[in-house]
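Each of the next two complexes has chain A plus one other chain: chain B in the first, chain C in the second.
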Partner chain A sequence: MAPEETFDAFKQCAVEVLQVDPSKIVPEARFAEDLDADSLDLVELVMALEERFGVSVAESELEGVQTVGQAYELVASKL
Partner chain B sequence: MLALSPAPDGTGAVPGRRVVITGVGVVASCGIGAPQFWQGLMGEPPVARERPVTGLDVGALFGPKEARRADPFLRMAIAAADEAVRDAGGTDAFRGDPERAGSYFGTGVGGLETLCEQDRVFMQKGARSVSPFLVPAMMCNRAAAEVSMRFGLRGPCECTVTACASGTQSIANAARLIATGRADVMVAGGSEAPLCELGVAGFANMTALSRSGVSMPFDVARDGFVIGEGAGALVLEERSRALARGAHVYAEVTGAASTADAHHITAPAPDGSGAARCMELALLDAQLSADEVAHINSHGTSTPPGDLAEAEAIHKVFGWPGPPVTSIKGMIGHTLAAAGAIEAVAVALSIEHRLIPPTAGTKNVDPACGLDVVLDNPREWAPGPVVSNSFGFGGHNGSLVISPPA
Partner chain C sequence: MPTGCAITSWAAALPEQVVTNEDIMTLFDTSDEWIVTRTGIRQRRAADGPFVSPKPPSSPPGGMGTTAQLATRAASAALERVGLTGADIDLLVLCTTSPDQLVPATSSPVAHALKIKGGAMDLNAACAGFTYGLVTAASFVVAGAERVLVVGAETLTRITNWADRTNAFLFGDGAGAVVVEAAPGESSLLGWDLGVDGSLVELCYADHGGPGMVMRGKEVFRQAVRVTVESATKSLERAKVAASDIALFVPHQANVRIMDAIAERLEIPKDRTASVIGRTGNTSSASVPLALSEAADSGRLSEGDLVLFAGFGAGMTWSSAVWRWGSGGG
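Here is the complex of A and B:
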């Protein structure tokens, strides 16, 4: 999967879970401040990403994840 | 309400504190919103073994993320509560200290549909895939909590779970909090969304449900209840506060009581003794004698033993045949924990419109019940005190006395 395709798939999951406009899903977007997403929203997003990409993300790996870019890198590093 | 002498431990009513209804909201299969609901009660009932609510639009009430996660029981509760608050004057109803304002919302099974959905996810995809929002979506107190958060109410926020008595007992408990000085304004009601496959199967296998699909309370041919869904909500306020802000007063909650049959987990005590005692205590609470009651909004679910037991209880308290009785379950079916709350809205509207809605679906009153059941058309009446009953699996009996404003 090319990086653009991977990010598009990531974006689809984020839009579905967070119900935000796709244009808001950019690497620098902060979950809490820009996307109104709390820690449980993030858990649900990670579950959707795990299913979409067939990867596994441990809860401890989510510590410090505050932006879309960080979450994307976390998933992409496992592909 | 609660005119009994103040209890020595301080839990009794505070003399002079009265509780009035200043807002109503309802989501029912015969109409969404109080005017539509009232008109719907006058229509022809469907023949259908389930009475679902259709066409509820919560787009204005929930953001897209919240709407996706909100169980139907929550959607209906919030739609009813929002209408009741708007009806009571919007946020003006909560003027003053937010710690003196609260919410009280009952349900029987909470977010059952969400639970069933997530159980399917669990079985198909495993534990890792279960939604982190399952617990807050299914918990029975979610509606009460959501109302509190939505309007910033920081006083009492509770949920009574007593099966089909939940709606009535939630209103009674909320009214008591006001009468005893714990709160000045409460949003109170009940909500139920049991129409997922598992819920319907459970009731069907108890042989509680009607096979004919006709809900006909007190009819000689009644064959069980027709399962419905919905929500009802009231804004209850301490009377002098409501009058001071110029609120419209629909009615006054003048009495309430709660008893148990202590007999059987699903069957009512056949002589109606627990229900009779409940009505008597509610009248005592309201300082009314039985002959002052002008109407009974009955539990009347259309089950053979339940309707007969309620009829016997009514005769014990009110004689033969007793005041005019109606059951709106003929139209909307049995909405379980929402029933008492929707019926309280119906009582407020009956007082407002000076009309008792008919018991839709009922044609021939069972002589064994022997009640003055309002049939076919709404009946004009001079509003007086109304007793509204709800009874739940577990032997729970709840009665409210709702009187015209005075």
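Here is the complex of A and C:
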């Protein structure tokens, strides 16, 4: 999958789970401050990403993930 | 000998003392909005019977109490509702993870209070306990029991760490009971699944003499959604029905967001999901019978309806069952 397609698929998951406008899903967007997403939203997003991309994310890997870019890197690095 | 069974009565018991989110805010820094958006919980109950262990230094407004009292209250109501007495019961299964004493089982004093004629045992599968109990009851009917009283009762406020701002607001006390009776025809238990993964003990536990419940909330969330969806899917397959055939989904009431995430993945709509968590909090083994009682009392169940029970809890344990509601007969 080309990087663009990967980010689009990622964006789709984020829009569905976080119920935000697609235009808000940019690498610098912070989950809490910019997307109004709490810790459980992030857990649900990671679950959706695991299902979508067929990857596994360990609990410890979520530590410190605060932006869309960080979440995307985490998933992309497993593909 | 009939091997069919039916749930012929149900009842709930909640302590009177209400602990609101505002009350919780007097213990540590949090807010009603924060608790409600993350869990759906607005209030929970705290029993106020006599103590059997010393009161912890930090405790919620109100009191603590006994699991036995709550169990007895719910069970008596369930029996009375259909004109039964303890003498009509062959087995009492008390599902609890907060027994009043280490020894004996809390079902012993409860059996005495109810004058149960048969045997009595506790069943501890944490928050998955009640559905384990239903499957157990149906199995005992196959083995020849005529009536099994299944109770879920907890005094979780007694094992809550009230200084832990990450989870203290979750737990509440309560009890629910059902009578499972032998009935002609096919079993009402159409499909079931019980499971455990003991490698996940550290996700949720409370030690003897410890400060109270320790829980890794986010990981519990993930695991709970995953295992419950898998288990429910298996039960539906074994029952040879689809999720769209389910009239009422009764999940363990741990957190409304977990319940929603599970229902969504199973494609069961909210208006077919039983929910009492807003006013009870997480009552472990009592949550399923509390939600079931409320649904049954509000007329949400008709003869022949398919009910999907599902629970998950510390262990991690999980359980699910497809049950045909009604007075029995296939």
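The definition used in the following text is that the second predicted complex is superposed on the first by the 79 of 79 C-alpha atoms of A that agree within 3 Å, B and C clash if a C-alpha of one lies under 4 Å from a C-alpha of the other, contacts with A are read in each partner's own complex, and residues count from 1 in each chain.
One rule holds in what follows: a contact is a pair of C-beta atoms (placed from the backbone, for glycine too) under 8 Å apart; a residue touches a chain by one contact, two chains touch by 3 or more.
Fair warning: this is a prediction, and the values are worked out from it, not measured in the lab.
Within the superposed three-chain model, A:59 lies in touch with chain C and out of touch with chain B [touch as defined at top].
Of the two partner chains, neither chain B nor chain C is touched by A:8. Residue contacts after overlaying the shared chain place A:33 against neither chain B nor chain C.
Residue contacts after overlaying the shared chain place A:19 against chain B, while chain C stays out of touching range. In the superposition on chain A, chain A positions 40, 43-44, 47 are in contact with chain B in one complex as well as with chain C in the other. Chain C contributes residues 37-38, 216, 218-219, 221-222, 225-226, 257, 261 to its touches with chain A in the complex. The touching residues of chain A, counted against chain B in their complex, run 17-20, 36, 40-41, 43-44, 47, 50-51.
Of all residues in chain A, only 38-40, 43-44, 46-47, 59, 62 touch chain C in the complex they form.
Those residues of chain B that touch chain A in the complex are listed here as 63-65, 68, 125, 128-129, 131-133.
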